[in-house]
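When the chains are written out, they are named A, B, C, D, E and F in that same order, and each has its own residue count from 1.
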Amino acid sequence: DFKRALDEVRPAFGIATNEFEGTRPNGIINYGPAFQKLYVDGQAFVDQVAKANRTPLLSVLLTGCAGSGKTALGATLAMESNFPFVKLISPEQMVSYTESAKCSRILKVFQDAYKSPYSFIMIDDIERLLEYVPIGPRFSNVVLQTLMVLLKKQPPKGHKLLIVGTTSLSSTILGTLGLERCFSAALTVKPLQSPDDIKVVLAATEAFATPEALDQAVQLVPQGIAIKQLLLVVEMARAGGDVADVARFGECIADYASTAGMADLEF
Amino acid sequence: DFKRALDEVRPAFGIATNEFEGTRPNGIINYGPAFQKLYVDGQAFVDQVAKANRTPLLSVLLTGCAGSGKTALGATLAMESNFPFVKLISPEQMVSYTESAKCSRILKVFQDAYKSPYSFIMIDDIERLLEYVPIGPRFSNVVLQTLMVLLKKQPPKGHKLLIVGTTSLSSTILGTLGLERCFSAALTVKPLQSPDDIKVVLAATEAFATPEALDQAVQLVPQGIAIKQLLLVVEMARAGGDVADVARFGECIADYASTAGMADLEF
Amino acid sequence: DFKRALDEVRPAFGIATNEFEGTRPNGIINYGPAFQKLYVDGQAFVDQVAKANRTPLLSVLLTGCAGSGKTALGATLAMESNFPFVKLISPEQMVSYTESAKCSRILKVFQDAYKSPYSFIMIDDIERLLEYVPIGPRFSNVVLQTLMVLLKKQPPKGHKLLIVGTTSLSSTILGTLGLERCFSAALTVKPLQSPDDIKVVLAATEAFATPEALDQAVQLVPQGIAIKQLLLVVEMARAGGDVADVARFGECIADYASTAGMADLEF
Amino acid sequence: DFKRALDEVRPAFGIATNEFEGTRPNGIINYGPAFQKLYVDGQAFVDQVAKANRTPLLSVLLTGCAGSGKTALGATLAMESNFPFVKLISPEQMVSYTESAKCSRILKVFQDAYKSPYSFIMIDDIERLLEYVPIGPRFSNVVLQTLMVLLKKQPPKGHKLLIVGTTSLSSTILGTLGLERCFSAALTVKPLQSPDDIKVVLAATEAFATPEALDQAVQLVPQGIAIKQLLLVVEMARAGGDVADVARFGECIADYASTAGMADLEF
Amino acid sequence: DFKRALDEVRPAFGIATNEFEGTRPNGIINYGPAFQKLYVDGQAFVDQVAKANRTPLLSVLLTGCAGSGKTALGATLAMESNFPFVKLISPEQMVSYTESAKCSRILKVFQDAYKSPYSFIMIDDIERLLEYVPIGPRFSNVVLQTLMVLLKKQPPKGHKLLIVGTTSLSSTILGTLGLERCFSAALTVKPLQSPDDIKVVLAATEAFATPEALDQAVQLVPQGIAIKQLLLVVEMARAGGDVADVARFGECIADYASTAGMADLEF
Amino acid sequence: DFKRALDEVRPAFGIATNEFEGTRPNGIINYGPAFQKLYVDGQAFVDQVAKANRTPLLSVLLTGCAGSGKTALGATLAMESNFPFVKLISPEQMVSYTESAKCSRILKVFQDAYKSPYSFIMIDDIERLLEYVPIGPRFSNVVLQTLMVLLKKQPPKGHKLLIVGTTSLSSTILGTLGLERCFSAALTVKPLQSPDDIKVVLAATEAFATPEALDQAVQLVPQGIAIKQLLLVVEMARAGGDVADVARFGECIADYASTAGMADLEF
């Protein structure tokens, strides 16, 4: 049934639902079983809300390190849900809003959702919505409390709601904030763990001219790299052209690994 | 007299009083002596306010871990009290209110209650009303102080008031906040502790086709699961249908136990 | 002269001065020497302000654990003072006021008092006026400073003022806040310490049908119970009737001792 | 010259300069050398400002424990200075002012002073002006900074200014706040240290009928009592009459020593 | 290709793009390989954004100690990019703006940039924009969060954006703030590390009359001096004339090294 | 050249430049080499800005303990600079301004300065401008950041600016605040260190009638006394006349040393 799920995934790649499009600039690459499991689990939640009568409210938290693909996964589930109401709550929509303006906007999305029979709300990058910074730590308690209440509030009778959140906050912090407890379930999105996964991703970029070049490139990539970073390094190696020279790819990935952008990698 | 109390409980299940209905989506299942004791104790407080002449003000705090059924129990007592004034104070009514707007609304409910000869106010999810977060800890001292004063304020002569509060805050935190001391009494709502309790709940869902399936399912459930979580897992296992396959139920409960939603379980 | 003082107390029980009435729902029971001493000392302060020429300002702080009877004692002294201006400052009058609104109201009471030749101001439940919570600790420094200044401010020439404050804050906290130093004197109101005291209180409730029942009941009560809690338990044991069954009284006091409401008892 | 100074003091007792009168309800008792030294030193500062050409600005801080007589000493110096501009800055004038309203009023007094050739400003009870509380500690930094700047600001050419401040804050706190450094000099007002001092004070009250009674009373007083407290206890012992019974005086002073009001005494 | 890059640099010295001119008062001196590497790397990012199709957004953080030349390097890259939209965000433009006014202005620059096909935004002196001070530490979380969101926000389809930030904050602080992670890459600008580098800089000032004087001067300079400080000391040594006497240069650099201005030097 | 500098200093004593006059009530006494070095160094900075073409912006921080003469030195440099724009920024001008009003005024002075070809801004008593208090520590970060940005902002092309700051803050605090790094250089103003220095100062006051009296007085002064305090004690010893009696001088300096005003002396 891995096969069947895969088949289901592919056609979906072309689907584009309003604001979610832009959050997934490089589409979705089915890079192997790790992704497949996440994707199938995510779809099960969508199905549950769509079909079951006694679960009007479900919420799933996608956690994982920076660039691991949380936003892209959530957006894909949203776009494929075919729910009549599908809406994104994202910090980019609210740059330099006051805390209370943020809360109003978030509340508005939920109130709109309560009017639709089936609704899908994605709350992206929760740490930025919360204005979280580990010094202190500081965060907007007003936004946090608003989210905590809305995550547990039942939609009106006969209406159903699925909420998908994404965050890079660690499980410890989420626990301390009490946020984890407000979600029905949590899924962890991992960085690329095996050479096989990495190879699928590099192949999908069509940046390497020959299978040999591809194999060499795979050798150069540290395991545990986030898919977003890997795709960026490929672009750097392309240097404006279509083909990535393996030597240049090696330089780029080395430079990269030595600077801030890779700070989160666990080799 | 367990029998008699049980009889008293059942007919009450059908009673629906305004806003309380929605807080008890799955009704009340009398899952055994642990519940029975709580229920009888709760009713004794209602009776005291209803009948005694020298107790114009009583307040009871329902504590217990997430999902243990505090809200459902409080709502049941409220609906069955037959008091002319029965009112819910809940954070869901006040999403993104300012602290002072919250206080005004809370105060308004009490002022309305003072006009009725018999009033029942349920203050649900006190930690959310307080905007409590353990980091700091931070909370709205304005809301806390408002509650503390109102919890001790006598209704006008000839009027009677019962206040039921619910919270998941630990006894330690409640003590430090000084909230516990403001209630006349406290009742602890426990998660499901014995296979017997769990069996009653699973049976009540009518999700398992045969007695054998039911027995197998009971084996799979970790003791100490909250009733709210258990009912959710049953729904997941139903996967949109009426019957829950035992195997799928096992998967769901395992998945569940490994993620955030189960964080509060004590196995 | 214990006798004489007692005589003085009794008739006073019927006196009712405006807002103070409601703060003493169960009247005053002269439960023995411990109370007698407090009451006589309190009256001495009233007399001093009433009669002496060189003490235009006196202030007394009543401290003691929750429910020990501070408010009732203060209210009794106020009602019996026969001063032309007798006023209560209480947090219940100022629910959800801003800090500065609280200060204005407090200041107003003092300004009114300065116009009367003899004034008695009772500041009830100072910890709630201060919005004190031990976490931090947090409190309204604006209210605290307002009280500190007003407690030491001389009334205008020829006017006299007695201030009685009540609080459950510990001596340590009061000292740190610097509040204790602002009062001319302090009296400690203790919970019920001896079986004799408890017996007087239980007898006064007339809840026990026979002297034997009364004696049995006294045995059941833990020493150090606050008078307010003891009176509440008697009501619970009455269960709406006039007579309290000793067995039920025992259950109630046991239940009670095991929950939050008794948290302050020192057995 | 002790004699001469004493003579100078006495007639001054009758002098009344506007607002300072009320701050010294019991006048000034020259209780011995300890007071004499303070008084002479204080007058030297007044003289310096009055006569010297090159000292347009001087400031003196009177420190000492609660009730030791700081305000009375400062007020006496102010009333006797015969400066054309003599003004009191006191927290009692600014109850529940905002921090910035306090600063405006303080600034206004200084600006008025700059218009007079000779000015005397007394800043009473600096800890209350600062809204100081040791928890935190918290205080109004706005008021503190305003005082610090004004204490060092030269009056306009040809104008002279003497500032006398009073406070019970410890030298350590004053140092940490940086306030001590802003004054040209500091004088410490001590509580009554010797039986001789106490006897002078008790004698001056004329409360004891015979020399023997006076001597007995002196024995009862703990050394280190503040003059303000001692005078209050005498009034209590008078119980509305003119004469204080020694026995009653003993009771009052014992009661007093055991409660809050005496918290600062060092026996 | 060091040669080629050098050639590319020189003509650029004359280019002046609006507001960037003033940030580079002493132009750019190609003082050797350390600078050359930084400059080439910086240009590679400009090229990537200019030419590649799949990298619409790149961001580079220039870190390094005070005066090491971060601003000058960033300004040079900006001026040479020939992008139609080149804009500076600098704390000097926003002196005494409120936090939210700062955010509005920052946001405005980004919104303008989104309208141009190719945009270059330089965010100079990020620690000052953040109002960072290590005590606390304190900083404007509102500005920080605004930057964090804007640094990751994709420009609209078909538009490209390069962001260059500069800061003296340590890597540790940047990591804790979570800022480092928001940039695609980071480059470290070092102070002058070798006598060769120092000699190139001193020679470029044309302050020393003879090669011998130049060599002597080089000996006097501590390694690890920031280029900005070195250029200032040369000016001091010129004392208003064109030529710097070596002896005076020695005094100046010694004075300098012993005072605050050199606090960051690591000898 | 000590001689030459001295000659330069003297005539300057008569120069009076607007607002700076009042900050130097006792003029400048050239008390020896320690002062001479400071004075010459200060003038070098003035010359550098006046004559050099490539140093449009210089800033010098005068640090030193309370009363050591920082303000007087800075004011002297300002008055003697003969720059067309010479302006004082001082906390005394901004008593009880809000933080943002302070920033506006500071900014205004700089904006005015940018219009003059040569400008001299003295920022006096930076700790008071910052409202610094070591408890916390607390300070106005808004004012701090404003100063930090303005201290590094280049004046417009063709304009030159010298900034002199004064402060008693320790080097450690200045470093932590990051203020020291914002100045081009720092000079430390020391208290009077040797009997020779003290003798010059005492002689300059012309308070002692004979050389012997002068010598005796010098013996009485603790080394390390600040010049401001020494001059005040002389005035106290004069007691309104012209001549200071040595005995009285001894008493005054002893009194002084034992109280707050001398807290900063290091004997």
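Just so we're on the same page, a contact is a pair of C-beta atoms (placed from the backbone, for glycine too) under 8 Å apart; a residue touches a chain by one contact, two chains touch by 3 or more.
Since we're looking at a predicted model, the values are computed, not measured.
Counting steps between touching chains, the shortest path from subunit B to subunit D takes 2.
Between subunit B and subunit F, the least number of touching-chain steps is 3.
Of all chains, the one whose mean C-alpha position sits at the greatest distance from that of subunit D is A.
Ranked by distance of CA centroids from subunit E, the top chain is C. The angle needed to superpose subunit B on subunit C by their Cα atoms is 60 degrees, rounded to the nearest 5. Taking shared numbers over all numbers used, the subunit E to subunit F interface scores under half, which places it in the different class. Each chain gets one centre point, the mean of its Cα atoms, and the points for subunit C and subunit E are 69 Å apart. Distance between subunit A and subunit C, defined via averaged C-alpha coordinates, is recorded as 60 Å. Averaged C-alpha coordinates put the centre of subunit D at 35 Å from the centre of subunit F. With touch defined as above, subunit A holds no residue shared between interfaces to two or more other chains.
Taken as a graph of touching chains, this assembly forms a single closed ring in which every chain touches exactly two others.
Read around the ring of contacts, with subunit B first and subunit C next, the chains fall in the order B, C, D, F, E, A. Taken in their complex, subunit C has these residues touching subunit D: 41, 44, 47-48, 50-52, 54-56, 61, 100, 103-104, 106-107, 137, 139, 141-142, 144-146, 148-150, 152-154, 157, 171, 174-178, 180-181, 183-187.
Of all residues in subunit F, those touching subunit D in their complex are 22, 25-26, 66, 91-92, 95-96, 98, 128, 131, 133-135, 138, 232, 235-236, 238-240, 255-256, 259-261, 263-264.
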